[in-house]
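Common to both upcoming complexes is chain A, partnered first by chain B, then by chain C.
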Partner chain A sequence: MMRTSFWSELVRIGAVVSVALGIGFLITCFVSEEPVAAFRELLTGPFPKISFADGFQVKGMNRFGDWIAESITLVLLGLAIAIVFRARQFSLGADGQLLLGALAAGIVSLFVDASIWIHIPLALVAAMIAGFLWGLIPGLLKAYIGVDEIVSTLMLNVIALQLYQLLLTQWLRDPTAGFVGTENFPVTAVLPVIVPKTRITIALFLALLAVVAIWFLLTRTPLGYEIRIVGANLRFAEYGGINTKWVIAVSMALSGALAGLTGAYLAMGLLKKLTLNLSPGIGFEGIVVALLARNRPFGVLIAGLFYGYLRTGAQIMERSSDVTREVVMVIQAVIILLITAERLFPLFQEWRKRRSDALIVTDLAGGEGA
Partner chain B sequence: MSLIEMRNITKVYPNGVAANQTVDFSIDRGEIHALVGENGAGKSTLMKILYGLEQPTSGEIYLDEKAVQIDSPHHAIDLGIGMVHQNFMLVPSFTIAQNVVLGREPRSGMSRFVDTQEAIRITESLAANYSLDVDATATVESAPVGMRQRVEILKTLYRGADLLILDEPTAVLTPQETDDLFDAVRRLVDQGKTVIFITHKLIEVKEISQRVTVMRHGKVMGRVRTADVSEEDIARMMVGRDVFLQIDKPPQQRGPALAQIQNLGYVSETGQPMLRNVTLDVYAGEVLGIAGVEGNGQTELAEVLSGLKQATTGNILVEGQSIVAADARGVRRAGVGHIPEDRLTNGVALEADIADNLVVDRYYRPPFTNGGRLSPRRIRTEATALIAEFDIRAAGDDSPLGSLSGGNMQKVIVARELSADPKLLIAAQPTRGVDIGASEFVRGQLVQQRNEGKAVLLISADLAEVMSLSDRIAVMYKGEIVAIFSNSREGGNPALTEQELGLYMLGLKRQETLP
Partner chain C sequence: MSIETVLQSIFTATFLASVIRVSTPIILPAMGGLISELAGVINIALEGIMLASAFFGVIVSALAPGWIPGLPIWAYAGMGAVAGILAGLILAWLIAFFHLELGADIILAALGINILAAGGTVFMMFAITGDKGSTSTLASPALPNVQVPFVNDVPVLGILLNAENFSGYNVMTYAAFILTIVVWIFLYRTPLGTHLRAVGENPDAAASVGINVKRVQYMALLMSGFLAALGGLNLSMGYLTIFQNNMTAGRGFIALAVIYLGNRHPFGTLLAALLFGAATSLGAQLGTLNIPSQLIEMLPPLVTIIALVVYNLRRRARATVNERKFQERAAG
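Right after this comes the complex of A and B.
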């Protein structure tokens, strides 16, 4: 039964992706002199080109690296959101948690002097603790005094951003640099590259480890059971004796820890320093990934790779064709919209059923025009 | 001459379920016809087809021997067919008159505004014509349940219904209200109306109907004159085997007071006192039934006892140990099981699989969790065993709970609560909406608990159930215990009838001192 639903789902997603790409191509046709070439960049750009013209050569490994580097970010953020979604909570706080994670990682990177074996883990743990605590705040507020988590996480994002920028401009910035940012992290605090000439770092293993860890947490620990049951039916969880308030708070805190880890990855793996605008709005992309993956950890891995591919392809298209950035973003948004709409389809059916039930009520009432 | 004749009706849903298979159904003008069957037997599908809510896959419908296509409820109403649904479809904040005329309001002159006075006049004259007593100017939310039902009936009459389909109309009524309803139905028939009466309760079939059609598994098992058959005959047709309507209870072996409820009070979040000074002992080896019109504190009593709500005052002791301050897990650890009233809200998680539903009270203990690690394999082993032991009909332990029928969902709950081996079992509405087969099973399990020397607190709106299972019956009215009766057969209490209990349930009588 699992198998058939898996395959039929794959076919459905395939169909939706094709339709979405078709619409994307249509838009490209309107704006580009060479729509086919431009769209090919989107579709194949992130793949390395193998050429035999001049002996065996692999070109464009940096593009491939960009794809993987982007996907690592998206997978970690997707996992962060998947956890809260599993507990049927909502969180828009990944952005703020990510910034504070980066901040914590940056402080440890700049002010601790240790060998690489200690320095990197220490910075990563610091980032996760910062994210955990920043996620715990809205969690506790929601669980114990019923503060809406959408509002609280958004507000905490603002606080985190201002705190980050304050510390960066007042204390951490490198006064000799021409822009607001820290000096480069020492090599002991930079994630080592594992594929030469790319930005693929050991964070790849970190992301894979996180996928397995979250899968293990959800399916092989009592806390995971509690998160799943709280998400399936809160009242049932209470009735069964689960401490639902604590589970809600912890699920949001764990989400924060993963977002914090993402922040550390951006700082220590990609930028190698802290800058004023770390990566605006990236926190929200985790929601897209979690939605695509139906909150399943291994699904997040696949969805993260897919979405990362799309984003990288879009950047390449923007750089190497006459399609402008805005149009590229529209195409990307259309594709994601269609795919998430497919995710929303069951909800839509439910809505239609409710609506037809409502119509029955109206029917019973008679209706003048009948 | 038959008023309605449905011939060879087959309904296959897109998911392949054949809800009706070559069903023949006919009603004579002016009769009260009972339609009975277990949940899922296809009776509501058949009635939805008659009311135009569903289209048959094949088959014909004849009205006065003319073939008709009923393609919508509007059309059904035009043809004189009206339906009173089990869940009332009324606007609570509107007056009864407004509800009766809703959608076909009388308009005053040129202004085309709703003529409120005319609406009241229409309602009152309809009510007088059919002796359906309602207060036309009161809002629906302030009206008692029995009156709301009369409003529903008036609504269909106002739309010109000659045939009324009543879908389980007595499910929410007290014995007195049920008697009133039956009187009203008989008067409707006297005035030339025809009534289809859908029900679960066989005693009502005998009392009200002239003929009965029995359905099972989407087919008609028989159509008989009610006078010619016994309740047992009808039950056998419904279930396909002999059913023991009377629970076989061995004489009671009553032990010491296992649970003591002392001066329990509970004030709701809105400041309403829902429980007042409730004092009850539940003895080992007894079923203590709580009777009462719904909304008189029974729900709150179950929730406070099971730790879902915190008592405002008073104490609860289980084997001498106070559990009044404990949370749900603490109460369970003290040996209290709870079959919750609202199955879908509290008792199960529809999206989670059956196995996860079966271990919600024990997943954190060995053998399910060892050294902080949860074992899905052990959970499945437990689930497989419980599914077999309690005869839960499911595709597998990993299918979502929402795929089960109501009766099987209830079996999942009963399996979980009984396998925890509770000393005190709180069973709230344990057979509501559950088919006869599963109801019989659940009732048997409750009696089994009692026979094993456990205590059972049974809260049920079904008086027949309370009277057939309980060793003692307490009556709740406005959050208080107003009477406690012995109900043991050998103790003998012939005076205790449903009518007598009804007087206490409605607050018309109360015992001065509780025994």
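Right after this comes the complex of A and C.
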């Protein structure tokens, strides 16, 4: 039973992704002189090219590195969203939590003087605490007072952005730089690269660790069980004696901690400083990952790699063709719409069944006539 | 600088006019959001709908002279406005279709629409203009400014109704205030409005008295699309005459918050939108006085959260009182 539902799920997701990519190709055809070449870049660009022309060579490792670097961001954000979605909360606060996480990591990076073994963990923990607290606020407000989390998290995003920009422009910015941003972080606060000539840092292990940790939390601990029950049936959870309010608040705070960690990764792993626009709009990108993964941690890993691949491919396509990378956002939107359309697949199956029934009927009718 | 000169430099006619101008693209989508919220189908894609409408308004009005030459400029502006409104209606219909027919979660479907609009506008803009930032290479017309006659000689009213130089505001600004009243009349003085609120209050009860819930919710979402579209057109064909990448900059989300800050009532929503507009204008003014604008811009969202807390606490208190009354009556 479990297996069949898993496979039908997989088929469904595969179908949704294919349709979305098909629509992406269709709109590319409208705007591009060479849509096939453009789409080939999108779909194969991030993969390293192995050539045997003069000895064994692997080319395009930096593109491959970009893919992994991008996927780390998406996996962390996807986990953040998966946790709240599991508890059936619509927290849209990842954007703000991410900014404050980056801010906390940045402050620790710039103002604490320590060896790399202490500096990096300290900055990461600071970012997670900042995100945790910024997620706890809407969590408590929702759980104990009933404040709608969509509005509160969107407003907290605005406040976080203003706070981030305020501290950056008034206090942290490097006055000698031509743009609003801090000076580069000291080496002790920059995540070390583990694959030479790429942007793949130790954050890769961090992301994998986070996947396992969240999987363990959700499936092997009482809190995880409670989060799942609260998400599945709030009334049942209440009757079962679960402190649902606390669980809701904690799920949103944990999500914030992961978003904060993502912010730290962007600052310490990719940018190596704080800039005015850290990564605009990235906070919403976790949603498609969590949806594709059906909120399962290992699913998030795969969905994050998939969506990171598409995003990186789109950047490569943009550089080498006349199509902008935003085609991926259109693909993403189609994925979200189709995957949430719960009645779509049953309707489709019904239609197919009816059609095959109709075929049988016409066959029979034809048989009788002969 | 004394506090007095600061205050004097802030509360001028220019400031007042600026508040009204800045509030317009919040009032319009907020009215749309209010209608959908009261019908029980909250539309969090106001942001995306505004963006798409702003885009199509500019593109169609800029390209229309190439399609049908020789018309007066207002005709092209009108075509742009119609295109923008159509774009808004189509996106709102998509949300309604996916939610009401295909069982999609309305929040997620709307998020999808937001992403579609954010990506789709840049995608098409680049295809048409070769620029990802803005449509600066296209010459697009503005929707007209309107001057209210006869009031310019009245001291305060003239400035209030016709802006600081008495030349009038963009037509969408007047539309925003007039539509607020229209929305109030619709919601509270027409049978359809009553049905709409009944659907939002309790869809099962509404259905049991013969209201077509699905049709009412379709209608509410389409209205929200229409009003958000006007807000978007105000940005790209009034406030500016250009489309820029992500030019809504979160106004659609602020419009959403404004509904709750305004206690889910048209006039409260209008006041709340003006508060956000005032904070933005004030932030810009204080920026010239070396006071960080971010501090001021933080206030309205903070006030919104506090208002939500107060609103929910009061609702809870009322529920407890009612319950106690009910139990006392049952006991007595």
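Everything below uses one rule, namely that the second predicted complex is superposed on the first by the 321 of 370 C-alpha atoms of A that agree within 3 Å, B and C clash if a C-alpha of one lies under 4 Å from a C-alpha of the other, contacts with A are read in each partner's own complex, and residues count from 1 in each chain.
The definition used in the following text is that a residue touches a chain if its C-beta (ideal position, glycine included) is under 8 Å from a C-beta of that chain, and two chains touch if they have at least 3 such contacts.
Since this is a predicted model, take the numbers as computed values, not measurements.
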Task = Identify the partner contact of A:Met61: answer first if only chain B is touched, second if only chain C is, both if each is, neither if none is.
result = neither
Looking at A:Val193, would you say it contacts chain B, chain C, both, or neither? Reply first, second, both or neither. neither
Open item on the list: Per the contact definition in the header, classify A:Gln332: touching chain B only (first), chain C only (second), both, or neither.
Closed with: second
Between chain B and chain C, the one with more contact residues on chain A is chain C
So in the superposed three-chain picture, is A:Leu133 touching just chain B, just chain C, both, or none of them (first/second/both/neither)?
neither
Where does A:Val112 make contact in the superposed view: on chain B (first), on chain C (second), on both, or on neither?
neither
Which partner does A:Ile242 reach: the first (chain B), the second (chain C), both, or neither?
first
Going through chain A, the residues touched by chain B and also by chain C turn out to be none
So, in the complex, the side of chain B touching chain A is made of residues 53, 72-74, 77-78, 83, 85, 89, 102-104, 155, 159, 306-308, 327-332, 338, 340, 345-352, 356, 360-361, 363-364, 369, 372-376, 395-396
Chain A residues touching chain C in their complex are 27, 30-31, 90, 92, 141, 145-148, 150-152, 154-159, 162-163, 165-166, 169-170, 280-281, 284, 287-288, 291, 324, 326-330, 332-334, 336-337, 340-344, 347
Listed in rising order, chain C residues that touch chain A in their complex are 42, 44, 94, 98, 101-105, 107-109, 111-116, 118-120, 122-124, 126-127, 132, 246, 250, 253-254, 256-257, 260, 292, 294-295, 297-298, 301-302, 304-305, 308-309, 312-313, 315-316
Chain A residues touching chain B in their complex are 1, 219-222, 224-225, 228-229, 232-233, 235-243, 360-368, 370
